[in-house]
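Next come the structures, one after another.
After this come two complexes, each holding subunit A, first together with subunit B and then together with subunit C.
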Partner chain A sequence: MADFMTGGNSPLISTLRNIILKWAPLFVLASLVLLFPIFEWLEDFQRGKDHIYLIDSRFFSIRNASRIAVAATPGLMVAIGVTFIIIMGSIDLSMEGTVSVSAVIFAFVFIALGGTLASWAWLAIPVALVVGGIMGFINGVIHVMFRVPSFMVSLAMGFVGTGFALVLTGGDRIRVEDELFRSLLTVRWLNFPIMCYVALLALLVAWFIQSRTTLGRNFYAVGGGEELAIASGLNVSRVRIMGFTLAGIFFALGALMAVGRIGIAETATGNNFMFISITAVVVGGTALWGGIGGVLNTLVGVLIVNVINNGMVVIGLPNWLQDGVLGVLVITAVVLSTNRKTISFVK
Partner chain B sequence: MSFIKKFIEAETLSRRNFLLAGAYGISGAAAMRMFGPSPIMAATYSDPTIAWSYRNRTNPYWNEIVSGGEAFVESLGKSKDFLTHLINEGSSEKSLADVKALLAKTNGELALAIDTNDAPNARPVVEACVDAGAYVSTLWNKTDDLHPWDFGDHYVSHMSWSDEGPAEQTARILLEAIGGKGGVVHLGGIASNNPAIERLDGLKNALKDYPDVELLDAQPADWDTQKANQVMQGFITRYGDEISGVHCANDTIGYGVLEALRAEGMDIPIVTYDGNPQAVDLVAQGKILATVFTNPHWGGGITASLAYHAAVGHFKPSEEPHEHREFYGPTIFITPDDALEFKANYLENVPTYDWTDFWGPSNGQIMYK
Partner chain C sequence: MFELKAIDKHFPGVHALQDVDFHIHRGEIVGLVGENGAGKSTLMKIIYGAYQPDGGTIEIDSKSVRFQNPRQAMDNGIGMVFQEQSLIPNLTVMENIFLGYENQFVKFGIINWQAMSVAAKEQLAKVKLDIDPNTITMELSFGQRQLVELAKVLTLEERIEGHLVILLDEPTSVLAEEEVNLLFQIVRDLTKRASFIFISHRIDEVLELSDRIYVMKDGKIVDVVQHDDAEVNAIQHKMVGRDIDKEYYREQKQKPYNSSEVLVTFDNVSLDGVYRNISFDLHAGEVLTLVGTEGSGREGILRTLYGMEQCTSGSVKIKGEKVTHFSATAGVSRSIGYVPRERKVEGIVNGMNVYENMTLSQLQNFRYMGVMNVPKEKSLATTWIERLGIKTPSVYKDCGDLSGGNQQKIVLAKWRSGGSEIILLDHPTRGLDIGAKEDVYEMIREMSDNGIGILLVADTLEEAIGLSHTIMVLKDGEFQKGFDCKPGSKPSLYDLVHHMI
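What follows is the complex of A and B.
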């Protein structure tokens, strides 16, 4: 995505800067992965235990990699959805409501149709995706037709969604006990649960949409310069509505993963997804003003966030520090990725 | 044109008289009220309004509380709509304003059961009720210096729960189950919440008697299933097989822990708190070792009942001992042996309580530290 970054003093500095920007998130991820085992080594060293760096690390192990992957999958789906919107230069904050509604409706339909994937209950999966898509479509239509800023529409839709999920459940939890559906978590191929492979497949689809379809390229056109896109005859309204719908579908996918992970659908299923997904997208290097970044950046961002969450517990740091560290990381990422030469003012 | 002038003068005069008369009517009525019977002297009422003031009904816990209040009202032979609901939506200001409005409407003929939303709000609510001659019973929130016996008959009672003792007992069940040695982890509620602090303290108290058990780690999981799932994954990475038991601050956290253990194929004992129906099922299946039920249905009913029976004069609160004015609510332990029986008795059929047995299931006088 380096060719979207222009401006700066000389071509050389600009190129250097672009290279750093492109690889910085991956560099941060690699450093974190190597940093946490150092703390573990220090701790064992103080206790006088034998510990060979990395080899004896509990953090740097395949079992823990799969734990991090499991924790990351629902967040990754949601973050991919919002990546498309951020590339367009808009923002979607409806994820918590959309995830809750999709999860709850999925669970209701799943149980009503038989309660096992081996029956017609599999229809609950497309139903949940459609519900997510509808929520996103409404976001997009209100945003475009009534010219309401996207953050306001989506934030409000998020509240509507959370409220609707509460009305549907009456505050109860719905357990999804089907062994076949739960095999997403319980069955492992090469040490990783099936849900990690499903997430990988979804990531590939997202990458394909982003880089191999007209719609995906149009997201960048809208985010890179909306006036130019309009002048070139692009139907920006249509692109925006489709973007929000697509995001809603990915939010619903995140809801399915979240239910797969803990086997419970409730109003609280959507909690915390806003912070995690926006953090992940920004830390991964997708710029908030649009046009730059992509779903692969988001993958790196989601992994950074989850490696920090997991690593902090593993080295025994208090939980409340995690949010603080992530906050600092977000600010650093935005400062690094902002090209102050090309921006005349900040709102 | 003098007849016009006369007409206007006459009209002005009559309007002034009308206004004066009106003003007298209002102030005169108020003056009469001052010499009327004082509401404080009118000690009891034959048919007071019964009201429950609480957060809202979407939370399952408060729904249980209020359903208890409705069951009590029905036991009086009235329809459950007779119970007036004051919903504060988590605002202390709204809670107080609603109470004052209802006091004005009912002229103090009120039996009020209330959770005042936060502790400092209890004093103004109680004082407003006492001044108006209403009868009030509080649940959960009040400051330590506010006592029913300082207000004669009108502040009837206060009920609360201490979580430290029950959490200590579930911890003992857990520590016995792991054979009194090994390591345990604790996943707590939001770190600053009082129940979260008390439940961790309960575990620490129990651990004093088990020197061979180490508390490996205690982290907040914010009462949240997904957060608990992630924190437990971290614990498993850090301590692995050193963990031989898990102490959870509530059922919701327990669900997340169970799923984290399931993903790893681990099977170690865990204990939770609250006695939610799903947790009781899991106890019956042997997946959770123990949970604690605090019977919110009874708590909601008996709080309204105490205020009502004091208001109609069936008993005189000031003649009751202190442990009948401030007391702990009931706690029932649920273990795999009695889970099915408990479910049949409490969850599938809500028992019919004797709402005049005010203190039978309660748990002793509230102690302050």
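What follows is the complex of A and C.
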């Protein structure tokens, strides 16, 4: 008889709830964008300076938007990768190692093949993507074949990656100074550097994979009901391995963006990506238990995180406080998006 | 001394209990029998406080009480021994016995394990179980665990003043015969302090142990029998008896199947611990129903055929080809469709919309180089929504938000649109209201007319008889008897029950 017992929420309330949940991240983003200029205005008001709200804001300006976009780009790539994994209900924590290894190998190959995009050195780009894909593939295979929880495999794999990158570089920084490659950052169209457009293209590809391919459909099926996916004849192991591989490729893309942004590849290139990307995915509204959300949510999440980071710098909050605020934000997002009526146990 | 008056309980779409009166005297052992879905578990859950009734009152010693949760029921002396073993396997026996009530052994925040061990030993002595309370629970046999469960409930004796009511839900299902006798002996000894409510599928056991027997059907108490007047046959008739409406099961639409086209052959197939030496042929257009109690091996046979379980011996042939590789993926590619009992777990993906759910098992038909052809998916969904009268505002609706009947239609549409020739139905009408059930029957007839072979595990016996061409009765994993069910010469409920129990 127990299967007669369902949620218990009335349809109207649950529909309303769904609508609110769906648009909440965008609402938060918009509020933040309008909030930070208020602080600026208050500050100038106290000092007796002339300041028209929004118009005179340093935060609310094209220049700053472009700055935020550039800062967000590598993180967006990494977060997209991990979005696929979280939709499946698993987690991938290998991003820092994968980004470091991909970045370092990219730089080595790039320099060895001539050091400019105008030569065969462009091959370094696909090589880096393949390296990322291989790391993801290894994650997936170990996770599926040996039935090791995904967070453990990927966390360990991340350390392996970081260590490997350190062995490769010996702790050195490798400079990538090719002007053509650096044009990712230096050349601007409509005030935004090229890398932003590249990232937008990658986002479109990710959205296409998510919503228009078998693989994307399978991610949702596995996350929404793995037993059912098996009962429908899906090869779930294959889907998982492909998911991790895809995530690895996007991590490598993030590595390329990171190198393009600062012109340096080193072991530390991957630092901080774990917290930023997972925060972004969760804040964007993708459910940690899988099946709900997507890369567009992640875009909003990445922007929220970066707007907060940038806004806090603009209004002059100390670094440690910024991390704390992001931490609180993640917990709040999860608390708000969890439907406690349908989940009985959390481990 | 414990009494339920006019208890009513509704679930969405189901009137689970209607006007149930139930009482139990001091030291009495009361039996409760009924078919699956008759409302036994719901009644139990109301008694031990897991559900609250929508109407009616619960009285203890003529005082009205209301339990918000099982803990409150326990504080009033009502304990439940669960059918599904509810002990936590990685804890020790004594930790399980005093789970949630450790406080009595705690001094300054530290548990006195020695005292707990001594106390646990006393509890175990009540059920005549001589084991070390420090044993890890998973090392015990099922029979021992069942006794530990009883010992756990019996801690109420020390905690509660006054009389106890203890519910035993299918306590004998995992026990060997001597263990059953031991359990019964213990229960009888304990009636000095407690009354018992005993639920079992095995009517003979209920007759043996109980002073009085309540018979339930369709959420109502249909009879109360005294021990001395009780007769197995009469009780069985009361349990299942209802007017069979031939129209209701679309019996007039039943056509003979094509006996020359064999879709599935089971030859002496066994799966260790689940079923043994099962043989049958499933023909095109045939509805073959497996009948038996819970645990008789029905589901195991479906799962083997679908490929989710590999049989341990014997041979399975599908469309003349011997199956060597068992997996669900292979099952689907052999054009088998599986409609599982737990729609929420294995039938519908919550969060995916109508067309996504329908094409989930046949993605290869809707993609080109890995890219989904969404317009084609939508047009398929639209066709089937119309054909089966699925009530959904659009193809974009999240299937989790639809009613059970509509979800079931989507699951059926998923397999039929994919061209499945063999469809396995496990309780396809469970939890559906009457109208939705009729729709499902209609679809079964239509599939059968189209030459699809159907292997069915029905929700009720009437359903099995009404829908089938052929019935196989199973008991404890073994084949008992086969029935030919031509319209007009169908077996009676009693014919089947007789072989089931």
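Note that the second predicted complex is superposed on the first by the 339 of 347 C-alpha atoms of A that agree within 3 Å, B and C clash if a C-alpha of one lies under 4 Å from a C-alpha of the other, contacts with A are read in each partner's own complex, and residues count from 1 in each chain.
Throughout what follows, a contact is a pair of C-beta atoms (placed from the backbone, for glycine too) under 8 Å apart; a residue touches a chain by one contact, two chains touch by 3 or more.
Just so you know, these numbers come straight off a predicted model, no measurement behind them.
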Exercise for the section: Look at where subunit B and subunit C land on subunit A after superposing the complexes, then choose clash or fit. Expected result: fit
Exercise for the section: With the two complexes superposed on chain A, say which partner A:214 touches: subunit B (first), subunit C (second), both, or neither. Expected result: second
Exercise for the section: Examine A:291 and indicate which partner it touches, taking first as subunit B and second as subunit C; both and neither are also allowed. Expected result: second
Practice task
Figure out whether A:261 sits in contact with subunit B (first) or subunit C (second), or with both, or with neither.
Solution key: first
Practice task
Tell me which partner A:172 touches in the superposition: subunit B (first), subunit C (second), both or neither.
Solution key: first
Handout entry: Which superposed partner A:225 touches (first subunit B, second subunit C, both, neither)
Key = second
Exercise for the section: In the overlay, answer first, second, both or neither for which of subunit B and subunit C A:235 touches. Expected result: second
Problem - Partner chain in contact with A:316 - subunit B first, subunit C second, else both or neither - result: first
Exercise for the section: Return, as a multiple of 10 degrees, the angle whose vertex is the Cα centre of subunit A and whose sides reach the Cα centres of subunit B and subunit C. Expected result: 120
Exercise for the section: Look at the superposition and give the distance in whole angstrom between the closest pair of CA atoms, one from subunit B and one from subunit C. Expected result: 34
Problem - Touch list for subunit B against partner subunit A, complex - result: 58-60, 63, 191, 217, 219-220, 224-227, 229-231, 233-238, 240, 255-256, 259, 262-264, 278
Problem - subunit C - residues contacting subunit A, complex - result: 11-14, 16, 37, 39, 41-42, 45, 306, 308, 328-329, 331-333, 338, 340, 342-352, 356, 360-361, 363, 367, 370-372, 374, 401, 414, 430-431
Practice task
Would you pull the subunit A residues touching subunit B in the complex into a rising list?
Solution key: 58-59, 61, 63-64, 67, 70-71, 166, 170-173, 175, 185-186, 193, 258, 261-264, 266, 268-269, 271-272, 309-310, 312-316, 318-320
Problem - Complex contact set, residues of subunit A against subunit C - result: 1-6, 11, 14-15, 212-218, 220-221, 224-225, 227-235, 291-292
